[in-house]
Structures are given as structure tokens and as C-alpha cells.
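Following are the structures in question.
After this come two complexes, each holding chain A, first together with chain B and then together with chain C.
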Partner chain A sequence: MTEAIEYLQFVLAPQMLNGLTIGVAVVLVALGLSIIFGLLDVVNMAHGEFYALGAFISMSLYSLGVSFWLALVLVPLIVMPIGFLIERGLIQRVYQQDQRHVLTLLLTVGLSIIMEDAFDLIYGPNTMRPENPLPGSTELLGVIVPNYRLFLLAVGVATIVATWLLIYRTRLGAMIRAAAFDKHMTASLGVPVLRVYAGTFAFGVALAGFAGVLLAPIYSVFPTMGHDFVLLAFTAVIVGGIGSFYGAVLAGLLLAQIQAISSLYISPHWSDPLLFAIMVAVLVVRPQGLFNWMGRS
Partner chain B sequence: MRPANPAVSAAAPARARRRLSVQHLVIAFPVLSLIFAGIGAALGETFYLRLATEALILAGLAISVDILLGYTGLLSLGQALYFGLGAYTAAFLLGQGAVGFWGALLASLALATPVALLAGLVAIRSKGVYFILITFGLAQVAAKTVYNTRELGGSDGLVGVPVLQADFGLFQVDLGSPVAFFLLMLALIMGLYVGLNYLMHTPFGRTLVAIRSNEHRVRFLGFDPWRYKLAAYVVAANVAALCGALYPMLRGFVSPELLYFKMSADAVITVILGGVGTLIGPIYGSVALVGLRTVLGSWTEHYHMIIGALFMLAVIFMPRGFAGLFDRDEGEPAQDGGERT
Partner chain C sequence: MTGKLKKVGAVLSVLLPMAAAGQAAAQSNNPITIGVLTPLSGTYAPIGQQVKWGTELAVKEINAAGGILGRPIRLLYEDEEANPSVATRKAEKLFQSDKVDFLTGVVNSGATIAVGQVAERNDRLMATTVSLSDAITGARCSPNVFRVNAPGGMQALGLAAWIKQNNPKARVFAIGPDYEMGRNTVDGFVKQAKELGLSVVGQVFAPLGEKDYTPYFGQIRQARPDVLYTSTAGNDTVRLFTQLQEYGLRERLTIVGASVAVTAQNIGAIGAAAEGFVTVAGYSPDIDTPENKKFVADFRKAYNADPDLYGADSYGLIYLYKAAVEKAGTTETAKLRKTLEGFTWQTPQGPKSVRAGDHQAVMTVYVLEVRNGRFTIKEKIDGQTAIGPDTCERF
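Let's look at the complex of A and B:
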């Protein structure tokens, strides 16, 4: 009995907490992907690079003497106009064509190639790691938790809730949902649909950039940092149901938890194949995603 | 994104004129290549001949993407999976000395077919974006698994593939000779082009094109699109695996990079730049891209940015690619009259 409790306290609980913090970060990235797909029908293959962009901009800000706390606010504000311009200047150009799924996806693939190479050019290929702004740890119910992870958890959850409020409880959110539902009708009601599109894209990538700043002290910063993370986020979006808010949240938390707990028993090398197998199984059984009860047309 | 599409072309005279110009491209390629090989042989060149051979091998991967994207309407972002599968199978077996030239090719096809059948069963069941993301994820997972498998050389890959003699019965080709390998590869890629071009004009190929244009109507006509798509997927996988198997014979090694997203993305870039749905376009595209990469690479190591920018410009302004410039009568793709919502 004591062994079981000790196992729970020293092995399982910290691992699950790790999984929870990673899960919250995955949800931030996945939410952006899901919102962008749900509204614009665009699969943003460059989403991982926007996550990296956030982290790199924060590194530049630190070297200018900006504190972590200010960077946390500034980075999304910097990434957002970049996303806005990219959407208006590039992605909106191929909307009207009938193969826009493929075309927008190809555009974002090109964008990801350019961005990754630009990071390498500007910041170099080496791994950087910002200082942990909240060192030390706290004991919670007998489990020792690094302070920064607690902070990440709190900020992440707050951001997810704020995003939910924005989309489901504000006038702006109503415009976004209306534009996703029927853009011609929405446009005829006086909503600037194209600007809403660009704004939504900007908001989605800003979320990814925000996650980049938050995770940089844990995972460090390097040009290809977006790759691994975005695959997990894509998996979460697919498992949860593309375009579903709750789906992305639940699936992100669930998958990160599965990854964290499974790594206790199997080599972490196999956690990617495991998650992928789960995704494939979900697609075979429920192609619309586990949590997408409403189902998008 | 409208490919040259003989099946739906209406006006017969226009078709004759158009065919003529694409045919020029088809004839020009081997002629220019033979001239290039002749000059290379006369000068005793090695580097550029081997590079050109590599371009032809990568052209095979691009053709494999084109079968799916240009003829069936399926975008695969993980075609490098089959290229890598072929390359690793060949390298592994050749390294053990277990097989010769033909054995290696056959083994990679024999492995690619069941893998593609299995992956295709899952991927094609899922439509649209899901197909793209599954092919993407599958290749990523496979690349990571190979990277972490010590038996396959891990991050170093497999080295020490011997130089082969390809036995054609009447004559032998020494793959150690750059000219001979180049000519062999040229014959193979042109053979692939002719064979696949023929296949795409059979009822099977026409059905694929019909699926790309309107899957619903194909279903109403009594065809099962699913089977045709799966067949196209398996054919494409085999083309990629075959060319992949030739890679270690040329370079003497394989590494996990062959399965990475960059390989798959490069193949898609090649197809878009060369001309989607033409089969000959990707061959030109591959030569152009390998050439561009070498030229730019000698100036800067950050040439990906330039290629990425070119690719994005092509997607926006010239979605029918280089070979599309030669299809005069389909210059204005038919619009659906507003988009569907």
C-alpha cells in the first residue's frame, strides 16, 4: 500500500503534472490551428514556425533588456500584425480558386520553409535557452512542482478561457462565427469579412507565438523547434475534430497525458508512433473527431 | 492548379496544337540529356553527371506526387516515405550482399506494395485535408522511427553500399561509371513517363482524372472512386520506391533525411514548379530545382528561403507550372462561376 502511494506521489503524479503543463501548451497551439481551420478552411502548415517565431522574438527582446513579463505581452502583439499581413498579402490571394484547400496548404508549406530558413539565418542553428524567470519549486499535496510549470499552467488555462470568452461571448466572436457559418450573409450584414478572416488568422498565430514565449524556458529555442510540437498539435486537432474548440482542448490535454504516462513504461521514441496510431484509430472509427458532436458541414 | 487534361479538352484542333507543344517538351528532354551526357563523357566529368542522375532519381519521386495530385486530386505530403522505404530496403539488402541490382529493385517494390495498400486503406478512407495530414504524419512518424532504430543505422543511416553491375542479359551496365548510370536512369525515367502517360490514357487513368474533377459524378456513373484512388496510391508508392531504391546505388549510403518532410515538400515543389498533371513537367522541375539548389548553394547555405519564395510565387501566379505554359488552349481554366459554400 505504501509502495503504491509512493509510486503515485513520486512517479505518477509529477509525470501527470508534466503532461498537464505540456497539454496546456499543446492546446494553445492546437487552438490556433483549429480556429484558423474552422473559420478560414486553411490548414496552416506554418503554425509550428509561428510558435518558433514567438520564441525567437522573445529572445531578441531579452537581448534588448526587456523582461520576460513584458515580452509575454509584447510578443503576441508583434506576431499578430505579421500574421495579419501574411493572410491579406498571400493567403487571401488564392481563396477564390476552387482548389483552395490544396493551394492555401501549399502556400503555408512554402511559408514554413522560408521562416525556418530565416530563423537559421538570423539566429543561427544553435540551441538557445532563456533564463527561467521563476526558479524554485513549491510543494503541493506532497508533490514537488517547479514554480514555472505552475505559472505556465495558470497562464495557459487563463488564455484558453479568455479565448473561449472572446469567441463565444463577445460581439467580435459572434462576427467570427457568423463569417465561418455563412460569409455572404455575414458580409451583407455589414461585417468586413475579409478583415475578420485576416484578424482570425492573426489571432491564431499570435496564440502560437504566445505559446512559444511560454515554452522557451522549458524546451529551449532552435530553428526546427516547431516541427515536433506542431505534429502533436495537429494530432490533437484531428483527434478532437477539426474546427472544434472543445475538441482541441480535450484532445490536447488527453494526448499530452497519454504521452507523459506512456513514457514511464515505453521508450519515449515510441510515443510519437503511439499518438499517431491513436489518431489513425480515431479517424477510422470517428472521422469527424472524438469530441466533434455537432459536426461541421 | 488545372493540369493539362486531355480527357476533358473539348476542341479537337486545339487539342492537336496543344499536344504538339507538350510533345516538344517530351522529345526535347532526352535529346538535351543525351547531348549533356555526350559532353560530360567527352570531358570526363563526374560531379555534374552524378548530380544530373540524382535529379532524375528525384524526378521519379516528383512523378509519384504528380500521379496523385495531378491525376487523382490527392495531395500527399509524405511521399518521401516510399522513397525512403525503397532506399533503405535496397541499401540494407545490398549492404548484406544478399541481392544484386534486380533483387534490390524487386525487394523494394515487394515491400512498398503492401505498405502502400495498408496506409492507403486508412489514408484514402479519410477525405480532403485528413488525407493530406495522414500522409504527412505517417512519413514523420516513419522518419522518427528510422532515426531511432539502431538496426537501420539510426541518425547515421546505412553506409557501404557496393558499386553494382546491372545485368540486362545482352549487356551489362557498370553503375560505377557516371555516364552509364546517367543513361540508365534517363532510360528508366523516360520509360516511366511513357508507361505512366499510357496508363493515364487508359480507362483506368481517365477514371482517375474524372475523380479529380468530380468524385460525386463518378460515383453516380457506377464506379467506386475509392478503389481507383487506392490503386493510384499504390502505383505512386511503387514509382517512389523504385526510384528510392536507385538512390543508394548512386550515392552509396542512405540516411533518415530521405524520409524527412523536406524530401516530400521538395517533391511537391518540383511538381508545382514543373507543371502539375503533366508527368513531363515534374521531370523538368526536378532538373531545374536540383540545378537551382546547386547554384544557389554555392553562394549561400540559405537557399531554402529563395526556393520557398519561388514556390509561393508559383502557387499564386503560375499554379500550372512550367509545362502549363505550353498548354495554350487551356490557359484560362474554366471557372465554376463563383465558389461553393
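Let's look at the complex of A and C:
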């Protein structure tokens, strides 16, 4: 009996908590992806690179003497206009054509390659890492949790809630959803649809940039870091249901949890096949996604 | 003076792969081309950078002094991407369409073994200056492949002996990346540790490029180790060490590992978590010889960074190639191979020699410990003691 409690306290509980923090990290990346995917119908293959962009901009800010807390606010504000310009200058040009899906996919793949090489040229291939702004750890019910991961959990949850409020409870959010649902009708009501699209894309990539700053102290910064979460984030978006806000959040948390717990019992190199097997199963059995009962299909 | 500058200028432009095509025709002597197939992007890009720098510095010096047999060296780069299937495709391209005379730079051990087969098919020689897997000069050795760096087995022997000497009752846990190199180095280390009577309490393999190691901390905690052995490299080590520190596990563990784990490239990003890390490697910038001091100074002047073992081994390889080609009088594969077998040459690390039986370089290795962000030499192990038996049966 004591053994079981010890197992729970020292092995299972920390593992689930780790899974939760990784899940929040995945959701932060998946959220922007899901918004751009669901509202603009654009598969943003460069999403991971915007996550990296946020992290690299934060490294530049630190070297100028900016604190972590200020960078957390500044970076999304810097990434947002970049995203806006990319949408207006590039994506919108191919958006109106018949081959929209293929063209936006290829465009963003190209963009991701250019961005990754630009990071390499500007910052070099060596890994960088900002100092952990909240070192030390706290004991929660006998489980040791690093302070920074607790902070990550809190900020992650706050960001998810704030994004939900913005999209579902504000006039701006209503305009975005309306523009996504029926472009012509929304435009005839006087909504500047093209600007709404660009703004939505900018918001989505700014979320990725924000995640970049937030996760850099744990996961470090290097040119190919964009690949890290984006696969898991895509999986979460697909399993949760394409374009579903709740789906991305729930699936992100669930997948990270499955990965964390399964790695206790099976060899870790099976955890990726396991996740993708779940994705395949979901696509076969319920192609609209597990949680896609409230979003539009 | 201007003549000399012009000469240096011509040599430099030959070095630039982009300019190479145009410049090659201008050279009176047809250049010797060496393919450098090394990771220029991804997790191992920082290693590839040292390989590139070390190779480039040696080539610059040799070309400035008149080349090999009067022929300048031309380098052709390809991105290995630490991926065997990419590496074989690009090696095939370098051999077939670029007609390189020699190939170097491959980092990923799986890629080195695979590219070795490509070299055999094309009847060309290649060398690795980084790959650790013992199989490269052991079970899967190739008559066309040479290795000039210290392999995993050499390091495992030194490390296990060091642990035994400092903490004979240590509980040891091993972690490695889940591919040829990681499996081979961890197996090699575990075998050595067991032979010396250390208790090995567990081992785990994480995918190459793992982002979060915390899911493995459950297993590590359960095993209650005193010593952690790791053969992760590049960014993977940064994450492993800093996450261990985040979770308060770092200070409870003595971390030892393969020479790839902590290097000049990632030590800055690891920061304080790297303190006390112990490894066995064939090079340290602190080696106190005039040759090494000159090498370190030249390297710093050219790249504004210290050389590490990859830079040094890659630099030394080009001088091996030069010396052997000059002795053989040709770049022709069969004759050059014969010359290389048993060949002794000078490097900033001291003399090295190629063992004829398995094409592994015999070299002095050092027990190194990170102190104040620098590798300091703790012990020196003679090459003949560290190298272990020749297990290659193919030639």
C-alpha cells in the first residue's frame, strides 16, 4: 500500500504534471495554428518558424538589456505587424485563387525554409538559452515542481482563456468569425474583410511568437527549433477537430498526457508512433475530430 | 606583398563553394577536391560548424604553402542533416557528379556506416572525424573508411575507470539518443562499467532531437542513480542538463558522458548546469604543446572561437591526407589506402597513427572536467591502453 502511494507521489504524479506543462506548451503553439486554420482556412506550415521568430527576437531584446517580463509583452507586439505584412503581401495574393489550399501550403512551406535559414545566417547555428527568470522549485502535495513550469501553466491557461474570450465574446471576435463563415455577406455589412483576415493571421502568429518567448528558457533557442512543437501541434489540431478551439486545447493536453504516462511503461521511441496511430485512428473513425461538435465542420 | 595577397585571395576564393565552379577553371593545376558532407542545419549543425572550420583552416594553410603535390585543394560542402538517407544521396552526388577525390565531415554514425558503403561502391576513400559508434571500425568496418577521432569504446573505458576510481559503489544510469551512435555508446559504456563491477541501474534511449526530457525523469528517479552517463549531443544535451537542473536533479548527480555531449558549441547555452561534467576526449585546447598553441591561436584568429575536438580532429585529418598523398605520390584509392595503413602523422594533439587492421587512429586521450565553463585536463591516457582490441574482420 505504501509502495503504491510512493509510486503515485514520486513517479506518476510528477509525470502527469510534466505532461500537463508540455501539454500547455503544445496548446500555445496549436492555438494560433488552429485559429489560422479554422478561420482563414490556411494551413500555416511556417507556424513553427514564427514560434522560433518570437524566441530569437526575445534573445535580441535580452542583449539590449530588456527584461524577460517586458520581452513577454514586446515580442507579440513585434511579431504581429510582421505577420500582418506577410498576410497582406504574400498569402492574400494567392488566397483568392482556385488552388488556394495548395498555393497557401506551398507558400508557407517556402516561407518556413527561408525563415529557418535566415535565423541560421543572422544568429548562427549554435544553441542559445536565456536564463531561467524563475529558478528554484516548489513542493506541491509532495511533488516537486519547478517554479517556471508553474508560471508556464498559469500564463498558458490565462492565454487560452483570453483568446477564447476575444474570439467568442467580443465584437472583434464576432467579425472574425463572420468573415470566416461568409466573406461576401460580412463585407456587404461594412466589415473590412481583407484587413480582418490579415489581422487574424497576425494574431495567430503573434501567439506562436509569445509561446517562443515563454518556452525559450526551458527548450533553448536554435534555428531549427520551429520543428519541435509544430508536429505535435498539428496532431492536436487534427485530433481535436480542424478549426475547433476546444478541440485543439483538449487534444493538446490529452496527447501530451498520453505521451508522458506511456513513456513510463513503454520505450520512449514508441511514443511518437503511438500519437500518430491515435491521429490515424481518429481520421478513420471520426474524421471531423474528437471534439468538433460545436465548431463549424 | 601584393603578389602574396593575390595568392591568398585566389586560395580564399577557391574555398568558397559558390565561387568554386568559376574559379576552378582558372587554376593552372587541376585541384584535388574534397567533399565535406557535414550537418549544416539541425541538431548537429554546431558540430558541423567546427568540422567546417577545422577543415577549412587546414586547407587554407596547405593551399597557401603550395597545395598537395603542387595541386590546390578545393572543398565542396553538402548538408548531411544528421540523416543517413540524406547523407547517402548527397555522398552519391559528390562522388558521381562532383567527382570528389576524398570525403570527410560525416557526423551521424549511422550516416558514416551508410556513406562508407557508397564510398566502397564508388571506389573512393572517406574518413570521419566525429562519429563515435564502435561499429564503424569494428563489426561494420569498411576498407574505404578511416576514423581519426577517439571512438565511443575508447571513451567508455576511460570513463568507467574514472568512476570506479572515484566512487566504486556508484549506481550508474545511462541515457543516449535513439540511433546507431546512442545505442552503441550506451551499450559500450554499460559493458565496460559492468566489467569493472559498477552497478548499472537503468538505461533509456530518447529520440534524437528530443525537446523535453522530463518524461524520463520518472524512470531516473525510480532508479536512484549517483552517476548519469549521457551520449546526447548538441541541443539535446542543453535541454537534458538544464531540465535536470530545473527539477533539482542536477546537483544530486555526477554527470559523465561521451565527448559529443558537452562541447564549445553548447557549453555557453548549458551554463552552470555543465559544471563538473566529466568526459574522455582526444583533444582539449589546453594541451600544452607549441603545435597546439599555434593551432588554437590561428583558429581563434580565423573564427573568433576556440577549436574543440571536432575542429582539431578535422584539421588533423587534412594533414593526414596531405602527408599520405605526398608519400604515395597519388590520390589513387588502392595505393593511398596501402600508404594510410600504419601511417603516423603529426597533429596539434600530438602524433597519431592509423591502425592497419581496422583503420582506427591510435591517439592519446584525456579525462576532462568542466571547471568554470572550461574543459580542464584531469588525466592523460596513453593511446595503446585506451584503444582496445581490433575487432574488424573484413580486411
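Brief remarks follow.
As a convention for this text, the second predicted complex is superposed on the first by the 293 of 297 C-alpha atoms of A that agree within 3 Å, B and C clash if a C-alpha of one lies under 4 Å from a C-alpha of the other, contacts with A are read in each partner's own complex, and residues count from 1 in each chain.
Keep in mind that, in the parts below, a residue touches a chain if its C-beta (ideal position, glycine included) is under 8 Å from a C-beta of that chain, and two chains touch if they have at least 3 such contacts.
Keep in mind the model is a prediction, meaning the values are calculated, not measured.
The superposition on chain A brings chain B into a clash with chain C. Contacts of A:P14 after superposition: chain C is touched, whereas chain B is not reached.
Legend: residue contacts after superposition of the two complexes on their common chain; A:P273 is shown touching chain B, with no touch to chain C. When both complexes are overlaid on chain A, the residue A:D120 reaches chain B and chain C alike.
Judged by the touch definition given at the top, the superposed model places A:P81 against neither chain B nor chain C. By the touch criterion stated above, A:L90 is placed in contact with chain B alone, chain C being left untouched. Looking at the shared chain after the overlay, A:L264 reaches chain C, while chain B stays out of its contact range. Of the two partner chains, neither chain B nor chain C is touched by A:G142. Contacts of A:K183 after superposition on the shared chain: chain B is touched, whereas chain C is not. Applying the stated touch rule to the two superposed structures, the overlap between the chain B and chain C interfaces on chain A comprises residues 116-117, 120, 227, 267, 269, 272. Of all residues in chain A, only 10-12, 14-15, 18-19, 21-22, 116-117, 120, 124-129, 131-132, 135, 137, 144, 146, 148-149, 218-220, 222-224, 227-229, 259-260, 263-264, 267-269, 271-272 touch chain C in the complex they form. Chain contact summary for the complex, chain A toward chain B: residues 37, 43, 45, 90, 93-94, 96-103, 105-107, 109-111, 113-114, 116-118, 120-121, 182-184, 227, 231, 234-235, 238, 242, 267, 269, 272-273, 276, 279-280, 283-284, 287. By the touch criterion stated above, chain B contacts chain A in their complex at residues 1, 69, 75, 77, 122, 125-130, 132-134, 136-138, 140-141, 144-145, 148, 261, 265, 268-269, 272, 302, 304-305, 307-309, 311-312, 315-316, 319, 335-336, 339-341.
The touching residues of chain C, when paired with chain A in their complex, are 40-43, 45-46, 48-49, 178, 204-207, 209-212, 214-219, 221-222, 234-235, 238-239, 242-243, 246-248, 265-266, 268-271.
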